[in-house]
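Below is one structure. I have some questions about it.
Should a chain be cited, it is by its letter among A, B, C, D, E and F, assigned in written order, with residues numbered from 1 in that chain.
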C-alpha cells in the first residue's frame, strides 16, 4: 500500500525522533542497540547454487550464488574468483530507478564484498580445479526487493547465508577436458563474518537504522567482525564526522552485536540443513 | 520533399479513413486485403554475401547478409548461428533518432528473426564446418531507409530475399587450420516463410497498413506462414485486443495472402538468378 | 585562480586581436609565426614505460606509454600494435565535462595518431615477438591537464617525447611460453614527426593559436612533417575555408617551423638521456 | 531424445489440459503501491506497481491519460547460466508485450498527466514466465487500486510430441514443437497477448488457442480467490 | 606486391587523372526534406536532410543561425568484415569533417533557432566514401531547399607507385603511398575539407591538391546535371 | 614471501611511524579556480577545484547550500597494467568517500544554488592514493577560496608483519595484513574518512587509528607550510 507523507509531518517525526534518542529510545520502540527482527530463508532459488531471502524489519533482499568455471587472474593462479554485485531494484522503493548501479549501490556491493573477502570467509585456494588454468568463479548477485534502511547488513546477511548453503557442482579435468561430475562440494568456509551497521544521529549511536533514521543520520559506520572478534572491514559513510571516543564505542558495539547475529544465522543455516 | 500537416488535417484524414473502412475501402484506394506494390532488388551490395533492397509502397528497407566463422553455442554444437538485427536509420523519418535500437526496433528484429528461425527456413545443421568447433555465423543486418508503415513485412521480405540469394564462401579445416577456399555454397533452404501483417482499425482488419493507418490502429498481428501453410511465428502488438473470431479470420487471411507473396519473391529471386 | 570575463570584454579583446593581426602582431606579443614557450619533462611517470609532460604556453598535457603483449591483427601478422587515446580531463577547463571522449577529443587523438603512424615514426615490424602470434602493443594515453589552445601540437609533442624515451621490457617465447626478461629494448625509431598547427583568423595565418585565438579562428590546419621535410598527415578543421594560395603558404610554414621544434625535442630527449 | 509424452501423461506427470501449481500472494512489498508474488510451476516472480505518480521525464506526460510503463527483468541467478543484469533484447521485448497485454484492462483516462510503473522481477525462471508475470502484475495493479475494466489472466498452450497441451514447462518449451503465450480479459472476452514460436496448421492453431483460453480462465479463478482472501476474508486484520 | 600502375594504366584500368564512374540521384527518400543517392566507384551512399526544424535538446539552439548536425554512418554489411552498428571513432571523425566541409556553403543565418540534420548512410564502402558522402549531401541540401552560397564538391587524389593520381580506390588507398580527400566550393574557389594520410614533398603536395581540385570540378558538373535534370527537364512530371 | 620488516626497519627503509616524503604545490593549473599537486611517496596526483559555479543539470541545485561533487580518476598509465579510462567501481567508491571526507570541512551554506567540483587525477598511483588525493584536494579548496571550517588531512596506517605501521606503501598494502585510510579535521578533532581492509583486534584497531591520526597531523603541517609559502612569503611575486 502506498505510503505518502507531507514534509510537515516528516519534520514532526524528525523532532520526535531526536527527542526520543536523547532518552535512549527510538521511533519504533527499539533501544539504541537493538536490531529489528531478522528473518532468513535459504534455498528458495533452486536454479542458483545457493540463495537466501533476508528480511530485516521491512528491508528485504535476496541473494543468489551462481558457480561458473573460469580462468584465474594471472597474479592469483591458485585462487578461485569471487564477484559480488548488488542492485537496488526499481520495485524496492518509489525513489529507485531502473538502470546501472549508482554510486550508493556500488558502495554497498563493494563493502559487502570487502567483508567476505577480508575476513577470508571462503577459502579461495580450495576453489581451484587446475592451477593457472581453471578455477571456480563464485558470482554473488543481490537484488534489493524493499528498502527500509540498513541495506548493508541485510545484504551482507543474505550473501553470507547464501554462501553457507551453496553446493558447488564438482568439475574435473580428465584428458585435458573439463568434465562436470554429478557430485557437489560444500563451499569451503573459514569463518562467518558479521556486518554491523551503526548510525550517528545527533551524537547518539544507534544500530540497524531504518530509512527514517538514515534520512536524519550524520554518519554511518559498517564494521564486519569475524569469529575471532577481529574487525575485518570498515566503511564510514555520509558527510558527518566521528570523534575518537565515538569510534572506540562503535568498535566494541560491533563486536558485541556480531556474536548474537552470527548465532542466529548459524541456527537458520545449519538448523535447516539438518531438516533436509 | 517535406511533408508537414497540421493536427486538424490529420483528424480529418482519420475520420475519412474510418468512414472508408466501414464500406471496405482505404485512403490510398486499396481494398482491405490488398498489399501495396512490392519491389525487390537483390545483389545490390557486392561486399555482402547476400543483399536485398525492398520497397513496399513508400516503405523502403535494405538487408545485407555477412558470413563469418565462429564457435557454435555449447548447447548446439552441430548448428550454425543466425543473428538478425534491424535499425531504423535516422534518415528514415523525421521521428527516428540516432542511437541504439529502441523497443520497437528490437521487437521488429526479434519478430523477423523468429519467422526465419521457427519456420526452419535455413538448415542450420548444414552450416557446420567442424562440429563443436567451427560453424558459419549468418549475420543479417537490416537498415530501414524510409518508413511508411508495415516495417515487419518489408523487413522480413528483405531478409528472406537476401538469404535466398546468399552465397557462402566455403571454408575447410585442413591440418587443424581453417582455410577459406575459392568455392561458394548456396544457403541451405528448407522453406520460404512469408510474413503477413494485419492491423485492426475500428474492428476492420486490413493488411499491409501504411503509416497513417498504423497511427490509428488498435492492434497489429504479424503471422509468418511456411510453404506447408503452417503458421510458424505470431506477434500481436499494440494496446488493442482481438476477439476469438477475429483471430480465426486473421489466420486464414495470413495463409491466403502468403501464397501470392511467396510466388512474387520466388519470381524475383529465381528469375534473377537465371539471368546471371 | 579564477578567470572570469564578461562578453563585452571578450568582444573588445576580439576587436583588439583583429586590429593587431592586421599589423602582424598578436595579443600576447608574439609574431604571427612564433610559438609559445615549449617545456618538456620526460620520465615523470615511473610506472609507465615512457612519459612526457609538455607545456606549450599555458596548455599542459601529459602522455604515458604502456607496453603490453597482444595478438597482431590478422591482416598485419608481422607488425606491432599502436593505440593512441586522448582525454580532455574535466580539470583542464571550466568547459570540459567528465565522460567518454567527445567529437573534438576523438579528432585530436586520431590526428596525433595519424602523424605518428603515417610518418612511420615507429618501426612496427621490429615490435614482433613471434609472427602471427605475439607482438608488442604500444598504448599511448594522453591526459590534457590545462587547455589554452593548440591541443594538437602539445599532445603530439608529448606523445613523440614519450615514445622517444620509452624502454620496452623484452619478452621472449621459450618452449611455447611467453617469458618476460629483465632486459629492455629501445623503441625502434625511424623519424621524428613534428606537428605544426596553424589558424586562419580574418585571412591572417598564425601558428600555435591560444584559446582566445581559437575562439575567433575560421579554420585550423595541422600538418605533420617528417625529418625528410615531407608532409605525412594533414587535418583541416573548423567551418572556415582556405584558398589554394593559403594552402601553399601553410605547407611551407609547416615545413619551416618543424625544423626548430624537432631540434628542441631532440635536445630535451637526447640531452636528458646522456645525463642519466 | 526421450519422448515428452507417454501414455497420455506429460514428462512432469501432468495431463494434457492440466496447469502447473499456481500460488499468488498480494501485498508482499511494503513500499510499493501494489504488489504480488506468484509461483507458477517453478517460476518465482515478484511484481510491484508504483503510481499514479508524477511523470519523469516530463515530456512523457500525456494530457488525457496515464503513461503506463513496464519493466520485465530477470535476476542474474534466476536461470541456469548466470544472466548479465543489463536488460537483454528478450527482456525489452517482453516488457513491451507485457505492457500491451495489461493496458486494455486499465482505465488510464482516470489518471491524466501521471505515470503508472509496473516492475516484474523474475527471481526464478521456468517456461511461461511472461504469462506468470502478466498474471501477477494484474493482481498487483488491483492491489494498487488502479481502476480496471477487467482482470487480465495469462497462460500458454503449445504442441509437444504432436499433441496440443496446456501450460508449457521449460523442457516442453525447449524440446517441444510450439509455444503460444496468451493473455485474456475474461469478462470482455478479448485477447490482449498472443505470440507463437513453432509450427501449427490453422486447425491446430485454433485448438491451441482454445486450450490457452481455458488455462487463462483457470488462472483467473486463482486471481479472484487471492484478491478475495486478501480484501474480504481478512478485512478485520487489515490496518 | 603487384604494382598498382602498369604502362601508365592503373589497376582498375583508369588513367592517372580519371575519375571512377559517378552517378547521383535526387529525391530518393519520401520522408526526408531532401535526399540523394550516389554511386561513386563501388561506393553506394544514401543521404537524407531533415530541416530546418525545431532543435532538441533545446540548449543546442542558436539565436543567430541554424545548428548544423551531421552523422556519417556505415551499414554493418557495407564493408568486408561486418561492422558493429555502434558509431566508431572513425565515423565520429568523418561526421565532424563532413559537417565542417558543408557548413561554409550554407546560409545558416537564414534559419535561426532551428536545426538542420544531415544523415549520410554508407550502404557499400569503397575508397573515398567521405568525399562521395559530402558530394551527395550537398545535392541533398539543395534538394531540401536550404539556402546555399555555393555547391560543395569533393574528390580525393593521392600517390600510388610514386605517381600522383586522381580519385583513390580502395586498393590504391590500402597499398598506395598517400590519400588526400578534398572538398571544394567551386565558385568561391575555397577548400573546405583537406586531409592527408601518407608522405608527400611540398611539390608533390601541390600537384596532388591540383589533381584533387580538377576531380572536384568534374564532380561538380555531375552534381549540376543531376539537379538540372531533376528540377528543370522533369518539371512537368513533378507533383 | 620476503619479510616486510627486518630489524625494526620497513622494506623501503622507513621506521614504523615514519611518513613517506610528501611534497605539495599550489596553483599548478591556470584554468582551475583552485589547484594543487601532491607527491606522496610515489603517488603523483593533481587536483583542480571549479566553483562556486552554476549547477548543471539544474535539478541538482540545492536552495540552502552548494552541491559538492567529486571525481577521483586514474590516468591509464598510472598503474602497472594499463587502466581502461572509463571509471571503475573502485574509482566511483573512492570519489564518494573523498567527497564525504571533505564535505564536513566546507561551509557550503555560504554558496546556495551553486556547485563546487573537485577533480582528483592520479597520474601515478602508489599505496594510499585516496589519502593523498584528499590531502591535495583540501589544499586546492583553500586555493580556490572556498570557505572552510577546518583543513582536512589524510593518512593511512596499517598492519604489516604483525606490526602497526604508519602510511602503508603499495607493497605493504598488497602483502600486508591491514590498511586503514583516515581523514581528519585537525582543529575540530573529527574523523571524516575511515575505512579498513584486513583483520585487527579491538586493541590493534585503536593503536592503528592513533598511528593514522599522528600521520594526519604531520600531513597537516605540510599543508600549512605549503599554503603559507604560497600566500604569504610569495605575496610580492603574485600577479
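In this section, contacts are C-beta pairs under 8 Å (C-beta built on N, C-alpha and C of every residue); 3 or more make two chains touch, one makes a residue touch a chain.
What you see is a predicted model; the values in this text were computed from it and never measured.
The minimum number of touch steps separating chain B from chain C is 2. Contact with chain A and chain F alike is made by no chain in this entry. Listed options B-E, C-F or B-D contain a single repeat of the A-F interface, assigned here to B-D, on the basis that more than half of the contact pairs agree by residue number. Greatest centre-to-centre distance from chain A is found for E, with centres as Cα means. Each chain gets a centre from the mean of its Cα atoms; the one farthest from the centre of chain D is C. Work out the mean CA point of chain C and of chain E, and you get 28 Å between them. Separating the CA-averaged centres of chain A and chain E is a span of 58 Å. For the pair chain A and chain D, the distance between mean C-alpha positions equals 32 Å.
One inter-chain figure worth recording: chain D and chain E are separated by 52 Å, centre to centre, where each centre is the mean of the chain's CA atoms.
The set of chain D residues touching two or more other chains is empty.
Residue positions of chain C touching 2 or more other chains: there are none. If you sketch which chains touch which, the chains form one closed loop in which each chain touches exactly two neighbours. From chain C, proceeding by way of chain E and on round the ring, the chains are encountered as C, E, B, D, A, F. Within the complex formed with chain D, the residues of chain A that make contact are 1-3, 44-48, 51, 58, 60, 62, 64-66, 68, 85, 87, 89-94, 98, 100, 139, 141, 143, 145-148.
Within the complex formed with chain D, the chain B residues making contact are 103, 106-107, 109-110, 114, 118-119, 221, 223, 226, 228-244, 247-248, 251-252, 255. Within the complex formed with chain A, the residues of chain F that make contact are 89-90, 92-93, 95-97, 100, 103-104, 180, 185, 188-202, 205-206, 209, 213. Across the interface of their complex, chain A is touched by residues 27, 29-35, 42, 44, 46-48, 50, 53, 71, 73, 75-82, 85-86, 117, 119, 121, 123-125, 144 of chain D.
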